[in-house]
Structures are given as C-alpha cells and as structure tokens.
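The following block contains the structure, expressed as structure tokens.
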Amino acid sequence: MEQVANQVIFFLLSAIIVVCSIMAVTSRRILRAATYLLFVLFATAGYYFQLDYHFLGAVQVTIYAGGILVLFVFAILLTSKLGEKSDRISSRKRAWGLLAAVLGAAICGYTLLTHDFFPSQFAQGGELDMKTVGHALMGMDKYQYLLPFEAISVLLLACIIGGIMIARKR
Amino acid sequence: MIYYVVVSTLMFFAGVYGFVTRHNLLAILISLELMLNAVDINFVVFNRYLFPGQLEGFFFTLFAVAIAAAETAIAIAIIINIYRNIRNINVDNVDKMKY
Amino acid sequence: MEYSYIILLLPMLMFITLGLCGHKMSHRTAGLLGTSGLFIITILSYIVAAQYFMQPRVDGIYPTVTPYHFEWLRFTEWLHIDLGIMLDPISVMMLVVITTVSSMVHLYSLGYMHGEVGFQRYYAFLSLFTFSMLGLVVATNIFQMYIFWELVGVSSYLLIGFYYTRQSAVAASKKAFIVTRFADLGFLLGILLLSYYTKTFDFATLTSGDVSLVGTTEGKTFLGISVASWAMALVFMGGAGKSAMFPLHIWLPDAMEGPTPVSALIHAATMVVAGVFLVARLFPVYVTTPEVLTFITVIGAVTALYAAVVACVQTDIKRVLAFSTISQIAFMMVALGVTTEMNGHGALGYMASMFHLFTHAMFKALLFLGAGAIIHAVHSNEMSEMGGLRKYMPITHITFLIACLAIAGIPPFSGFFSKDEILAAAFEKSAFWGVWMSLVAGLTAFYMFRLYFNIFWGKEAHHEHTPHEAPKTMSIPLVFLALVTCFAGFIPFGHFVTASGLSYTIHLNWTVAATSICIAVVAIALATWLYMKPNDKPARMAESLSSLHRWAYHRFYIDEVYMFVTHKIIFRYISTPIAWFDRHVVDGTMNLMATLTQSASYHIRGLQSGRLQSYAVVFLLGAMIIAAIVLYCI
Amino acid sequence: MNFLSLFVLIPLLMMAGLALSRNMKQIRTVAVIGSSLQLVFAFIVLFMFLGERAAGNTAEMLFVADTVWYAPLGIHYTVGVDGVSVAMLLLSAIVVFAGVFASWKIDPLPKEFFLWLILLSIGVFGFFISINLFTMFMYYEIALIPMYLLIGVWGSGNKTYSAMKLTLMLMGGSALLLIGILGIYFHSSADGNLTMNILEIAKNNAIPHEMQYYLFPLTFVGFGVLGAMFPFHTWSPDGHASAPTAVSMLHAGVLMKLGGYGCFRVAMYLMPWATTELSWIFLILTGISVVYGAFSACVQTDLKYINAYSSVSHCGLVLFALLMWNTTAMTGAVLQMLSHGLMTALFFALIGMIYGRTHTRDIREMGGLMKIMPFLSVAYVIAGLASLGLPGLSGFVAEMTVFVGSFQWDDTFRRVFTIVACTSIVITAVYILRVVGKLLYGKVQNEHHRELTDAAWFERLSAITLIVGVAAIGMAPGWISNLISDSMSVISERILQYI
C-alpha cells in the first residue's frame, strides 16, 4: 500500500515537473513562466521529501521558491510592463533550439537506458538526522565540508557586495 | 530509479530549449534555473540510490542551491542594469561585445 | 732588366696623382707631369729592349726573362693568378711600340687639348690606359692578361666618354664598353675552359708544349667541335672584340667620339692590336688546333674586305681612318691565320704580322695625329669642308703624304716591307687568300689617296679664318713618326721576332712584291684621276652603283641590326617581361597570400556575432558531439 | 663569456649612451664613438685570429666559450669565430660605421632611429659570433624586428606596405628556419644528450638521412629567403626602395649576408648528405635569380630598385657558388658576400645622398650630375665599376673565384649554369652603364639641379671608408681569400665525401 502511494505521488510530481517546465519555457507571458517555474520548484522539493531528504527539501523550498522566485518577480515587474506579450520567436532560432534539445535528450536518454547501473540498494527510511549533517558540515577530516562551507560564505559575501556595486546609482 | 533521471533529463533539455530560444533575458534565467534544478535532482537521486552511506551528493546539492541563489541575485542585478541602459532586455540587443 | 717594374709602376703613380689631386694643378703642370713621366718610361723601355736583344742567344732563341713574379690570388691547388713581368721578343717589341706612340700622343695632346676643361682628368686616364696596356703586354699568365684586358676596356670607356656632356660620346663609350665586355665574356669562358683542361694559367707552361691542350681533351666534343678548338675560338673571340673584328667591330667607328689623340693611341696603335698580341702570345697552342686558325683567317679576310669597302665611301675622315685600322688589323689576323707551323718557311706569317703591327702602329698613329691637326685647324670632321689645305699646312701635308704612301705599300716606306711579307705568307698558304688580300691592299691604297686628295687637293672650301699650321708641340710628333715610318722598313725584323724565336732572314720574293707594287700604283692613279682636280666624276660614279654606295655608307646596316637586337629584343622582349613578371606574378603571389589571409579572417569574424544564443547552441552541439565521440567511437 | 661577446656589449653601451644623450650633437658623438670602437675591435679580433692561426692553432673555431644559459632545455650561449665570421664581422663593422655617417641628418626622432639601428647591428654581430643554433636564431630574430619600425617610421614611398611585406616574408623564412633548427636539435646526437652546438652536431653526424632530406630544404629556404633566392626575393626591391639610407645600407650590405652565411654554416655543414642530394633544385633557382635580377634591373627607373635588383642578382650568385661545394667556389661565395656587402652599402649611401639633394630617385628626371656633384659622381662610378667586376676592385676577385670554382665541375648540368652565371657580367655592365650614362653624364635635365651642393665631410667619410674597403679587397685579395678558404675547406670536405 505504502509502495503504491509513493508511486502515485512520484508520477504526480514528475508529471507536474515535465509539464510545468515545458510550459515555463514556451509560454509567452514572462510572469506566467515564472509561476510555472514555481510549480517546478515545488515539485522538486517534493522529490526531495520523497527521497527522505527533508532538510534539503526545506532548503530548496525556502531558498528557491522563497528567495530566488521573489527576486524573479521583482525583476519581471521592474523590467517589463504587466501583460505585455513578448514577440514571436523566429522559426529558424526555434528550430535550432529544438534540434539541440532533442538531440541532447536523445543522446542522454540512450546512454541512460543502455548503461547498466550497478544494483541500487534503496535503504528505506534512511532518514538523515541533522546531527550527522552538522558534524559533516563542520568537520575537518577527509569527507567533511568545512572548507567548501567557508568558501561558499566568502562567495556569498562577494555576491552581496557585487550586487550592491552593480545596482549603485552611477 | 531510472525514472527520476529521465525526468531530470527532460527537465534539463527543456531548460536548454528555453535558454536557446527565448528573447527575454529573464526567461533565459528561468530556463537556467530549470537546468540547475535538474542537475540537483540527479545528484540527490544518485546519492540516495547508489551511495546511500555517503553524503557527497547531498552536500553538493546543498551548496549548488546556495550558489544558484547567489548567481541569480547577481544575474538579476546585471539585467536591471542592462534595462537601465538600453530600456529593454531583449538578448539580441546585448551585443556590444561583438568583435 | 731589373728596373722594368718601374715601366709599369710609373704610369700607375701618374694616374693616382693626377686622378686624386689633378684638379688642383694647373693645366700646364699636369700636362708636363704626364708627358715627362711617359718620356722616362719610353727611354727605360728602349734600354730594356736594347739589353734584352743584346743578351746572348741561348741555343738560337732569346730566353724569356721573368724578372718579377708573385702570387696574387690562389684558386685551387694548381690554378692561381700571379702578377709579374715576362719579357720575350714580342712583349719587348710591344713595349717599345706602346711607349713610343703613347709618348708621342702625350706630347701631341699638350697642344691639341690646350684649354679643354678636365685637362688633368684626360692625362690621368691616358696614364691609366698606358699602365693597363703595358701590364697586358708583359703578363706572365693568361689571367693577368685578362685583368689588364678589362682595365684597358674601362680606360677606353673613360677616354671615349671624355666629352661626357655630348650625348653621342656617352652612347659611344657605353657601346664600346658593352661590346668589348661581351667579347671579354667569351675570353673568360675560353680561359676557364683552357685552364680546366691544361690545369694552368701560365704562358710559360702553356706555350712550352709540355702541356698539350688537345691531348687532354681528345675525346670530348661539344656540338660537334672538339673542346680544344672551342676553348681557343672563345679566346680568339675575346681578341676579336678588342681588335674590332667583323661581328664585333661596330664600336670602333663610334669610338671616334673621343678626342683625336685618344683615337690615335687607342684605336690605332695599342688597344686594337691587343687581340693580335693575344693570338701571337698563345700561338704555340693555336698551332695545335688548325681549324681555329682557318676560322681566324676567314674572319680576318672578311673583315679586311668589308672595312676596306666601307672606308671607300665614308665622308668623316676619322671614320675612314677607323675603318682602315679595322682592315689593317684584319691583315695581321690573316697573317697569323695563314701560318701553318712553328718554324721554317711556314712561320713567315707570324713574323710578318708582328712586323706589320710594328709599322702599322707608327704610320696609323701618324695618320690620326695628322687628322687631328687638320680637324683642329678646320674645326670639322667632314671632308666637304676641307680641300686645298696643302698651302696652309705644309708639315702636316708632307707627313700625311708619307703615311699614305707607307700604308699603300710603296717600297721605300715601312708599310711595303711588312705588307709584302703578309701577302707572301698569304700566297704561301693558298692563292685564293693571296688574291683576296692583294685586292684589299689595292682598296687600301685607293681610299687612302681618296682621303689624301680630298683633304689637301681639290677645291678651296670657304673658311671664316684661314686654317693655320699646327703649333710646334703637335708637329714634332708628326715629324718624328714620319721619320720612323721611313726607316722602320729596313729593320731586320726577322732577326728579332719569329714564331719559334730562331732568327729568320727576310728575302723579298720579288714576284709578290712586284704585283703588290703595281696594284698600289694603279689604285693611286685611279684615286688621282678621280679626286685630284675638283670634278663631278666621283659623284657620277656614285650614282651608277648607288645602292652599293648607300649600303656601304651605312656600314651595311650592321649597326642597325645590333641596335635592333639589343634594344628591341633584349630590352623589349626579355627585360620588361621579366620586370613585369616580377612585379605582378611573383609579387602577386605574395600579395595574394596576404589578401587571402585577410578575407579568411574577415569571414571567421562573422562567427562572433554577439548573439548570445547562437554561442549557446554552438557550444551545446560541440559538447554533445564530443560526448558522442567519447562514448561511442573510442 | 669571453671577449668575443664584447661585440654585443659595445652596441649595448652605445644604446645606453644614446638613451641618455639629449641633443643631436650628443647623439652623433655617441654613435660615432661607438661605431668606431666597434670597427677597431673588429680589426683587433682579425689580427688576433691571424696571430692565432699563424701560431699553428688549427682548431676549426677559435676563442670558443660556452656558458649554460637555460639548463632544462639544454640552451647554451656558445660563442666562437672562424675565418669566415671574422671577415663578416669586419664587413658589418665597416658598414655600420659608414651607416652612422650616412644617416647624419636623419630628421624625425634621431635618437630612436639610432637606437633601433644599433639594435639591428647587435643582431648582426651576435649572429656572426654565435656557433650555437639557439643563439644564432635569437640574434637572427633581433636583427629582423627593428627592420619593421625603421622602414615604417623613417622610410619613404609606400613605406607601410613595404615594411609590412619585408617583415612578414622574413618572419615566414625564420618560421621555416625554426622548424629546421628544432628538427636538427632533436636529431643532434645518437646517444640522447641533445645539443645545439654546431661543432658537436657536426662531430656526432647523427642526423639520419631521411630526416636530412626534409630538414635541409627547410633550413636552406629559411636562410635563402633572407639571401634573396629567386621566388622569395620580392621583399628586397620594395623593402630597400622605401627604407632610409642607413637601413638599406645595413640591410642589403649585411643582413642579406646573414642568409648566405646561415646557408652554409647551418644547412650545408650539418646536413652534407642532403646537400649532395638536393642541391640541383636550388642550383636552378639561384641560377635563375642571378640572370633574373640582372635583367629586371635593366629596365627599372627608380635608382633604389635598380640597386635592389642588382643585390638580388649578386646574392643569387653567392648562393649559386655555395651550391658548388668545392673550396674555391665557396671561398668565392664568401668573397662575393664581402665585396657585394661593401658595394651595395656604397651604392645605397650615394643614392641616399643624391636623393637627399634632388628629392627624386627617377633616373629619367636627373642628368648631368657629374659637373654639379663631382665627388658623389666619381664615387658612384667607382661603385658601378666595382659591381661591374673591374680588376683592382673587389667585384672582380669575388666573381672570378666563383666562376673558376664552379667551372671545376665538368658535368654539363653545372657547366651550363656556370656559363649562364658568367653571362651575368655582361648584363650587369649593361644596367650599370645605363644608369651611369643617364644619371651622371649627358646634359643637366632640370635647371634647379645646378645649384646643388657636393658631398659634405661626413658623406665623404662614409663613402671613402667603403671605397677603401672595396679597393683593399680588390688590390690584395691574397690575405683574405686564404683566411676564408682554410675554414671553408673544412665544410667542403665534409660535403665532398658524399659525392
């Protein structure tokens, strides 16, 4: 019973992801594209929860759906008047894009399907408790991530300063 | 397990299509986000299915999300600036760096 | 004999002093310096000649003495150029001839060139010419002769082009130099061929017979003719160019553009005989290749006749004398050509040509200097402006008459003895040549006396001022040369100079002598009949054979042929196409490559079109292709 | 680093001195002192070399000094001199000395002009003293690069086009050369310790035959481009025509000799087998360039073009003689390099002076200069006669050695080409006399030429140094031809053993 419910949820989420991403990419109104992106983000968060990565799902929801999307909406509102329809895409460009995407999908799909991954041991309920996550984050020895963590912090700082610098009124 | 990866591939290539065909810089940014998320899914799925013990995939995605946030902030700042200079953010007009 | 190097060194020093600081000196000092230098050399060469011919004969011949000899430049281990002095009968004789004529010319030019601008430069070039001519004559090896050969060519270029403001003089000097240079090319190739096979440059080894050219080249032939005769023919070509033989004679008539004393020195006595001297010097080698000797005889005979015919119709007195020089030199060449073997009776031709060279130098110089005095008095070269000058210029008249008699071959004078010997040698060889040369001798007598009567007899041409006798400095050389012409005939030449060196007593073979005298007398009578008193007979005769007259006057249009070949063919159809080819084709390819790279880079630039998305597409396609390759192909 | 590197040090000091000097007078004094010092030093080296040879030291290269420069790549700075390079150093010192005086009144930016000129001379001097492939190539490049600036800035006529063309073609040549040198380096020794030093490479003799088959044409053409071989000579007329006097003097006088020197020092000395195999192609090319240059000089109207084409013809003769392998011909080639170097420098100096006065180089517009400028005209006639091959001047000595040397082969192929080369003396006579006749003799073409001044003292000095050089070689060639033939016999023996 449990299995079936998971299957259903999974199918539901993947449907949302696929449909919304295509819609986000092809819709002509920019704001609508943003909303479709929102749905895709939520669906990915759903995936994480389904794979028992609750912390990651939470992070995804807060940062992506919360932060980045809000930024997007601000940018959209600032740069383009509401309801303005972006012009038709020239067929030649679209053809190139389609060709590239489809070709890529075909190659990746083919490799994925033919490549025999070694057996996956899906340990059910391998919940990741926060303590281990915290230790790994702060640890110094081999598989621990203190250095990337600090690097990320420096990067974020730089981004903040960069953002301010760019947006400064000349 | 395969389905996760198939879905993420589709998502990725939708992002690619969007990136290549849209005129609006923000739309490009959106498709970029799509691609990033597709990659995150992949990481998580591989970590979960193939390497349950380790945490590389997990942390990788964590950091990827953080960096994506920073990157989008900067991108949007730049876009706004471009908008401020040339009053529209159509990607074909941004070709000052041509030759 | 020891101080013979002074004979060479002094003219060189004169040239350098006059050349470098000449323009500081006044005309008088430069002239006196030059002439005194020449007189010292003349006396020295007389002493050397006396000493040389006084020394005891070693088994019948005078030993060749080489007082000085040092290696100048080494090529391979056996080929090396040395500079030195070699005295043997012909070179001593030539020493005497050159120095006498040159000193006479120097003395004469004091008067003739008086008041000319560039007087010192003239004397500098004269001493350069004398230096190179002397160097050529006393050369110990063939390369040294080639060195001085070129120096003689250059000094004649400088002297002919002395009046460089006149365009015709410049063109004449250029033509002279290029024609002789072309002949020198043949000479150089001849030397290279000769030295390659005989492995030496020295005359001593070449002529001593221990190295036989024919021996080492027996098998090899080139275009059917054996290499030995090729070598000797090419060497003769060098001589032919310098002595203005038939194909290469065009420069001599134009060389009259130079001052007359220069023509006297260069184009009468010394330079033109260089070719004869060359053949005489290498004569033992020539004897081994008989077909070259016949070739020389043919060329000589053709030139003699051609020049004699053309001389009969020329109006410019210097052109007449020029053609007569060509014809006389051809006489000497024929004399050399007809000699068959080294000693005994066959060697008469060699001795005769040397004797003729000696006497011809004297009276031809006299003729030219006389002509110079006449031109100086009348200020024009054309015969039409002359006539009846015998009253105004007695000394020149008498000396000119003596010279004409000598060249015509009238007994007491030297011309008779030497020309008679040549005719005897010609008859010796074959009657055909004998008759041919007597005909030419007759023609010579005819045109000489035509010239004589036109100048000194005939009607009085009007003059602004009466023509005055030449000043003393000009008439002394005339008198001296006239005396020499009278007595030179009696010198027992056979005693001194023969092919093999053994003394040979000249016995006049009376039949040939008689025929040549009566031919000369008949020709003179014809000339007197036509030209003595002013009448229209020569004009009427000219119409009768008008085409021949016109052709002969224009030297059978050979000049035009040369001009056509050099200007049209070489300049128009070889040089300009090459220049065009270089400018367009070779240059074109270089420029083409430049424009190609530029256009290619222009197209490539199109890719960086600034359109962001095209970058992305290209990037993605590239990535995918690489992925495909990596995954599936490798 | 031994005293030979002084050759490079003196110019460096000169450049330093120039950098400090302010007004024109100081620039001139520094330049004069430097170049005369260089000339004196060249003579000292010559006499020391002769002394050394007299003392019986028969080592091929004298005063050899080797210092490691960059160990990992095995790059050494090896310096050494043999008979030929001593003669060439002397030539370059004389031409630089004359060049300094010929560019006395150079107007825009004189200091920079002299700086670049001396950098050019460093390249030349360095090239002649180095016997290591790397240092040779380095100095070769140093000699090329200033050319662009010197012609581009101080030139005349369409100078940018010709500067660009000259530098690009020479760079193309040196690119080929680089490939060749690397090829040689990697095959330089069988047992693995690779070396750039020419002497060792020659001793090891380890370059396999099929490699030689490729490397020889590369190096030969690489140097041939600079030596104005037939198809690659087009840079020479344009380059020299628009270069300022001193630069074209230095370039035609010395740089083109770098090509010839490099050809036999690198291409033929290190790859004797390939020389015997492939020389016939280059023989044809150089044979053509001898006659080709002479003929096209006959119809040029611009003075500098005539001299440039005559340089093509003479340099063609140099390469032609080199390909004849035997000692006499190769000595003749070096003699021709020396004599042509001095003659062309003299020609370009005089043409520069005439151009400085009449501001036109077209011989149709000028005439009768003999009366107006006697000294220049007499010097021009002497230069013409020297290049014509008048005995007593250097042209004759060089050409005769070349012709006698190349006549020693009696196979018809070489004999035909020798005869073709010999005819060049007639064609040279034609175009030299054509120019002398049109330019110096005859009537004065346009009137205002009448009040032109004759040569000033510095121009006289420059012309006289070169004339003395030409006459010295011409009058007494014995000492210099023996000096050269000793070192050339080593090279020709290496080649002749493969016949």
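In order of appearance the chains are A, B, C and D, and numbering begins at 1 in each one.
Following the convention adopted for this analysis, contacts are C-beta pairs under 8 Å (C-beta built on N, C-alpha and C of every residue); 3 or more make two chains touch, one makes a residue touch a chain.
As the structure is a prediction and not an experimental result, all values here were calculated from the model.
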Touching both chain B and chain C, which chains are there?
A
From chain D, which chain is the farthest off, judged by mean CA positions?
A
Looking only at C-beta pairs in contact, point me to the busier pair out of A-C and C-D.
C-D
Whole-Å gap separating chain A and chain C, where each centre is the average of the chain's CA atoms
105
Report the inter-centroid distance (CA atoms only) between chain B and chain D in whole Å.
65
Can you compute the centre-to-centre distance for chain C and chain D, using the mean CA position of each chain? Integer Å is fine.
37
Interchain centroid distance [CA atoms averaged], chain A/chain D, Å
72
Please set out, as single numbers or ranges, the residues of chain D touching at least two other chains.
none
Chain A, residues touching no fewer than two other chains:
93, 96-97, 100, 104
Touching two or more other chains in chain C are residues 613, 617, 620
If you go through all the chains, which pairs of them touch?
A-B, A-C, B-C, C-D
Given the complex, residues on chain C that touch chain A span 613-614, 617, 620-621, 624, 627-628, 631
In the complex, the residues of chain B that touch chain C are 16, 19-21, 28, 91-92, 94-99
Sort out for me which residues of chain A touch chain B in the complex.
10, 14, 17-18, 21-22, 24-26, 30, 33-34, 37, 40-41, 44, 47-48, 51-53, 56, 59-60, 63-64, 67-68, 71-72, 74-76, 78-80, 86-87, 89, 93-94, 96-98, 100-102, 104-105, 108-109, 112-113, 117-118, 120-123, 126, 128, 132-133, 136-137, 143, 145, 148, 152, 155-156, 159-160, 162-163, 166-167
Chain D - residues contacting chain C, complex:
165, 168-169, 231, 233-235, 237-238, 292, 295-296, 298-300, 326-328, 368, 370-371, 385, 389-392, 396-397, 400-401, 403-405, 407-408, 410, 418-419, 422-423, 425-426, 429-430, 433-434, 437, 440-443, 476-478, 481-482, 485
Considering the complex alone, what residue numbers of chain C touch chain B?
605, 608-613, 616-617, 620
